[in-house]
Amino acid sequence: MTLQLGVIGAGAIGKEHIRRCTHTLQGATVVAVSDINADSVRAAIAFSGINAEACSDAHDVIKASYVDAVLVTSWDPTHEEYVLAAIAAGKPVFCEKPLAVTAEGCRRIVDAEMNAGKRLVQVGFMRPYDEGYQALKKTIDSGEIGMPLMMHCAHRNPEVGENYTTDMAITNTLIHELDALRWLLNDDYRSVQVRFPRSTSATHARLKDPQIVMLETQSGTLIDVEIFVNCRYGYDIQCEVVGEHGIARLPEPASVQLRTAARLSTSILTDWKDRFIKAYDTELQNFINDVKTGQLQGPSAWDGYAASVAADACLKAQETGETIQITLPQRPAFYPR
Amino acid sequence: MTLQLGVIGAGAIGKEHIRRCTHTLQGATVVAVSDINADSVRAAIAFSGINAEACSDAHDVIKASYVDAVLVTSWDPTHEEYVLAAIAAGKPVFCEKPLAVTAEGCRRIVDAEMNAGKRLVQVGFMRPYDEGYQALKKTIDSGEIGMPLMMHCAHRNPEVGENYTTDMAITNTLIHELDALRWLLNDDYRSVQVRFPRSTSATHARLKDPQIVMLETQSGTLIDVEIFVNCRYGYDIQCEVVGEHGIARLPEPASVQLRTAARLSTSILTDWKDRFIKAYDTELQNFINDVKTGQLQGPSAWDGYAASVAADACLKAQETGETIQITLPQRPAFYPR
Amino acid sequence: MTLQLGVIGAGAIGKEHIRRCTHTLQGATVVAVSDINADSVRAAIAFSGINAEACSDAHDVIKASYVDAVLVTSWDPTHEEYVLAAIAAGKPVFCEKPLAVTAEGCRRIVDAEMNAGKRLVQVGFMRPYDEGYQALKKTIDSGEIGMPLMMHCAHRNPEVGENYTTDMAITNTLIHELDALRWLLNDDYRSVQVRFPRSTSATHARLKDPQIVMLETQSGTLIDVEIFVNCRYGYDIQCEVVGEHGIARLPEPASVQLRTAARLSTSILTDWKDRFIKAYDTELQNFINDVKTGQLQGPSAWDGYAASVAADACLKAQETGETIQITLPQRPAFYPR
Amino acid sequence: MTLQLGVIGAGAIGKEHIRRCTHTLQGATVVAVSDINADSVRAAIAFSGINAEACSDAHDVIKASYVDAVLVTSWDPTHEEYVLAAIAAGKPVFCEKPLAVTAEGCRRIVDAEMNAGKRLVQVGFMRPYDEGYQALKKTIDSGEIGMPLMMHCAHRNPEVGENYTTDMAITNTLIHELDALRWLLNDDYRSVQVRFPRSTSATHARLKDPQIVMLETQSGTLIDVEIFVNCRYGYDIQCEVVGEHGIARLPEPASVQLRTAARLSTSILTDWKDRFIKAYDTELQNFINDVKTGQLQGPSAWDGYAASVAADACLKAQETGETIQITLPQRPAFYPR
């Protein structure tokens, strides 16, 4: 019983997901692909050597009778439309982040899914599928360090392009922490403040870099996240949870230990793709498996909405310098933790 | 194009390989299973929910027209017979270690395969598929530490059963290093000596534990391997290569770092299955892929033979206390490095 | 040429400094001791087996013709008076922190010392004498990590007594960072904010624990310091400097690495006395040496004043929840960096 | 009560010990210095700015009525003569390693000291005074890892001069382990074997480098020591004790942790003087203190003799390739553990 997938958006991520479904994962096959650029569709199909229908209209992919489930990897502003269409068609849909470009858009998806009466949407937040984060969550949940009181986090990239601006530190970068930290703590955010240290000389006028985001959760855990996207030395994700009687820290990626030239060292990754590559495989394999068993369990439309509400507050905190409240409506019973 | 696999031996390992092929790997399906115990066959088939033929005779599996390739996971002394039969049938065969219980048996397989004119055999040495070992080999091959001069290794298990005896430290335990170290160094062994420290009080009369095995390679690299199978504290595989201007060490498995109770710590595994679980997946996936492309690249019959020749010398070194020469015939061109 | 020291205050710290001068350090001898409690004086003299004058009045110690220099280790509120008296007597004085209990008091000492025309005062901030901090400063100053942009610090004690209250997190605990971080960065503070996470259940009503203090420096470096005085697991001082192209972190204290019971671990100290014990020796030895060469180089009255001004702002930040400006007058040329 | 020291030998080590006694340690002063080179004496005296007698004959130093104790830091072959003379004069003597250039010479010193009826000799083995080794010994003695079964050690120097030959790997390098490992294990050696891996291309014809020395103790602990004196990357001392239920490892020297240029690293020392500099201070301070209390406790003449007997066996093992027995006479009660 192979799951037949339709893919909307054949850019870099879409092409990679098609390859993943075809050559790495089990139990699914890509049967239809669409993109606003017909050449991209052909290239993606050829790249993975699959026998799939090339569609000019994304809605044809969604509606095709032979498509069991949909992957949305198109341009961000189109996500909402396609996800709503998939829900309307009663088909499970995996949507890359962001679920929608506004919190209102996310909310519309949440409402549509609740009206459909069944979970149909998974958002492409991959960190909960990373083995390191899973081990960290297991440690927290075990009670080994006691109740979490604080978190110290960092999200560092070696460099970003000229088009990356201050707000993107939230919408493109912090967005992963906004999802992952709620999940780790099993908690929601109450407020956020953003502080700007002196900027690195490696940045440009429209990007304040680094930034410190201070998030407070409903239960009072205080989180500082350093975002530093021109840190030069590597791609480095740090996450430390300070509990009542101990501290747990995200594992460093395994690496050969070297003794050379008067240094004892291990390597630090430089490309984000290497850091979470297995998590991408796992999130999509889980989507495929969960669709088959009829019970989606990954990041939900509600999680996408919650991240979007928090991101909006972070942007406002960046602009105002104030501590901004984060007000998320009560979690519907439809979306149990 | 799904590869149709026949599995000979439905004990613990066979059952696990059937599950792996069915639920984890891509591109293969188990279509026939045999075992001397018919109940084991039924149980293994049911465990993975597959639709496979239950055969009472292993040779029926090998001969079945619908079987493309064979996995041999039966009782050690039967490996040689089934591998030779698979070669005779012209079918690719993945054989769990040991390839045969004697070096002569391995040699017969090597000769049969060369007569067949094509690589058909892969031996189930999984360490070359472990990401840590691959990273270590990459470091060595990069020249970053210079020519290897020495290796310091350890193979530690928390405990073994009462039936585990001194010789099994070679045939069950060191056998993995005997394969992996040749591969890492791209070298062969010249001699071996075994030294016995005082034994741990946790052992019994028929098991000297720990042992130190000193291997010398053809190019003069001197390797010490500590084998300690009742070390109590964990399952711990250590491997350090000392080169002319630097040292490289096998990565420790990634683990959450804890600060609790006046200790800064990471965890050490205790079950060998956790340590190489992904390597098992990878070795078999590679076998499946390589069978499809028609070019086996994993550990060969020659590698199985070389490990067996070395193991025989190690056993003699255990008995005599002497330094024993390891004489491997010249590597046939049929088996390029 | 042995330096003759007078010690004012024979409590725990005074007694320990007398022992240090007598049995560990070089070039000094304690010749006079005073305390409001005559028994303490006798006990301290007996403890180190020295032949010193027991004085009932601290001013007799300061005035004694045979006393070359003074150590002030008395009750905090008396520091200012004795330091001013030593300055008036033209004698070098080493004063345990705080230099005075108010910033105004510190300022009076600064003014008196400048009027005396010569550095006579060293404040007992010992971290600049810790080898770890020195190595960290050397790394920063080398330019190896580029200009500092942020610091992430932690000051954790396993537990504190019932009398320890929220304000003491600043005056007793953070005070060390307030001195050490200025010194590390060669910078002064511009503002401070204090955030309170949920408190640990191990604290009491008058102590909010932990706290996060956010300091900004004149040049825009943003520093977060976690103060957590009931962290249970150990005495742990962390200090990480994030520069424009690299990060440097205070060394963990050297410790035997253990592999036991499925953990790979090193020890964490639990008693603050063990962490900086050598730094205490070094600071006092340096005072002795510097007095002899006539040029004090350790933490100055100005440093004591700067820490006091910052501490006052921190206390106000605790009370108000606001970001409080830290206004330090311009550094007099009398106190070069 | 200042101890008056006479120093025999004003070369590099003697000069440094004079500086140490004068400017770093407590309770001693150098009052007489001799050397075969009168210029060296003058230079050493001037270097430390002391007021000491310059003697042309070492025996004048030993005999001088104002000399309480003697430091022997002269040319190795003269050690025995001067130590025997000090014993004859009834004066405590600290002698740099080796105690004598032959085991017989060491034995004569042992006999002379026993005849004198009182411990007068301390040998300059400094590792027992290193904090790392002390912590390791404390861990072993605590029983935390169970009975020691094996040790894995390494002694690596970045490079040695052209005059360093194969035998010096024992007499100049391993000699430190020969003393320290007996002390750590509270055990004596039973046999030794030396194995030579392929040599590094950085060595020359008269130096086989690296070497592996396999020592067995009386109680059956098996020790491998890698000696690699042209390892290029640093000065690195490793020592790992494998016990019945755990492993303890010598601490790495504390170092700033860096994240730079895609590496997470700490520094490795390159100069042996930095590694044990504090241990040199401690060993001599302890000698001074112990002379004053009348009870020497440091490495004894017996320890010097035991190291010498072991070194002789190691040299024979190098030459013959055989396992050589190490036969130490029974420890006299005069030298309690």
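A, B, C and D label the chains in the order they appear, each numbered from 1.
To be clear about the criterion, contacts are C-beta pairs under 8 Å (C-beta built on N, C-alpha and C of every residue); 3 or more make two chains touch, one makes a residue touch a chain.
In this text, all values refer to a predicted model and were calculated from it rather than measured experimentally.
In summary, the chains found to touch both chain B and chain D are A, C. Seen from the Cα centre of chain C, the chain whose own Cα centre is farthest off is B.
Chain A and chain D have Cα centroids lying 59 Å from one another. Distance between chain centres (mean CA atoms), chain C to chain D: 38 Å. Computed from the mean C-alpha positions, the centre of chain A lies at a distance of 45 Å from the centre of chain C.
Residue positions 233, 245-247, 252, 259-261, 266 of chain D each touch two or more of the other chains. Only residues 233-234, 236, 252, 259-270 of chain C touch chain B when the two sit together in their complex. Against chain C, the residues of chain A that register as touching in their complex are 146-147, 149-150, 152, 195-202, 210, 212, 214, 216, 219-222, 224, 226, 228, 231-233, 242, 244-247.
If you check the complex, the residues on chain D that touch chain C are 23-26, 131-132, 135-136, 139, 144-145, 245-261, 266.
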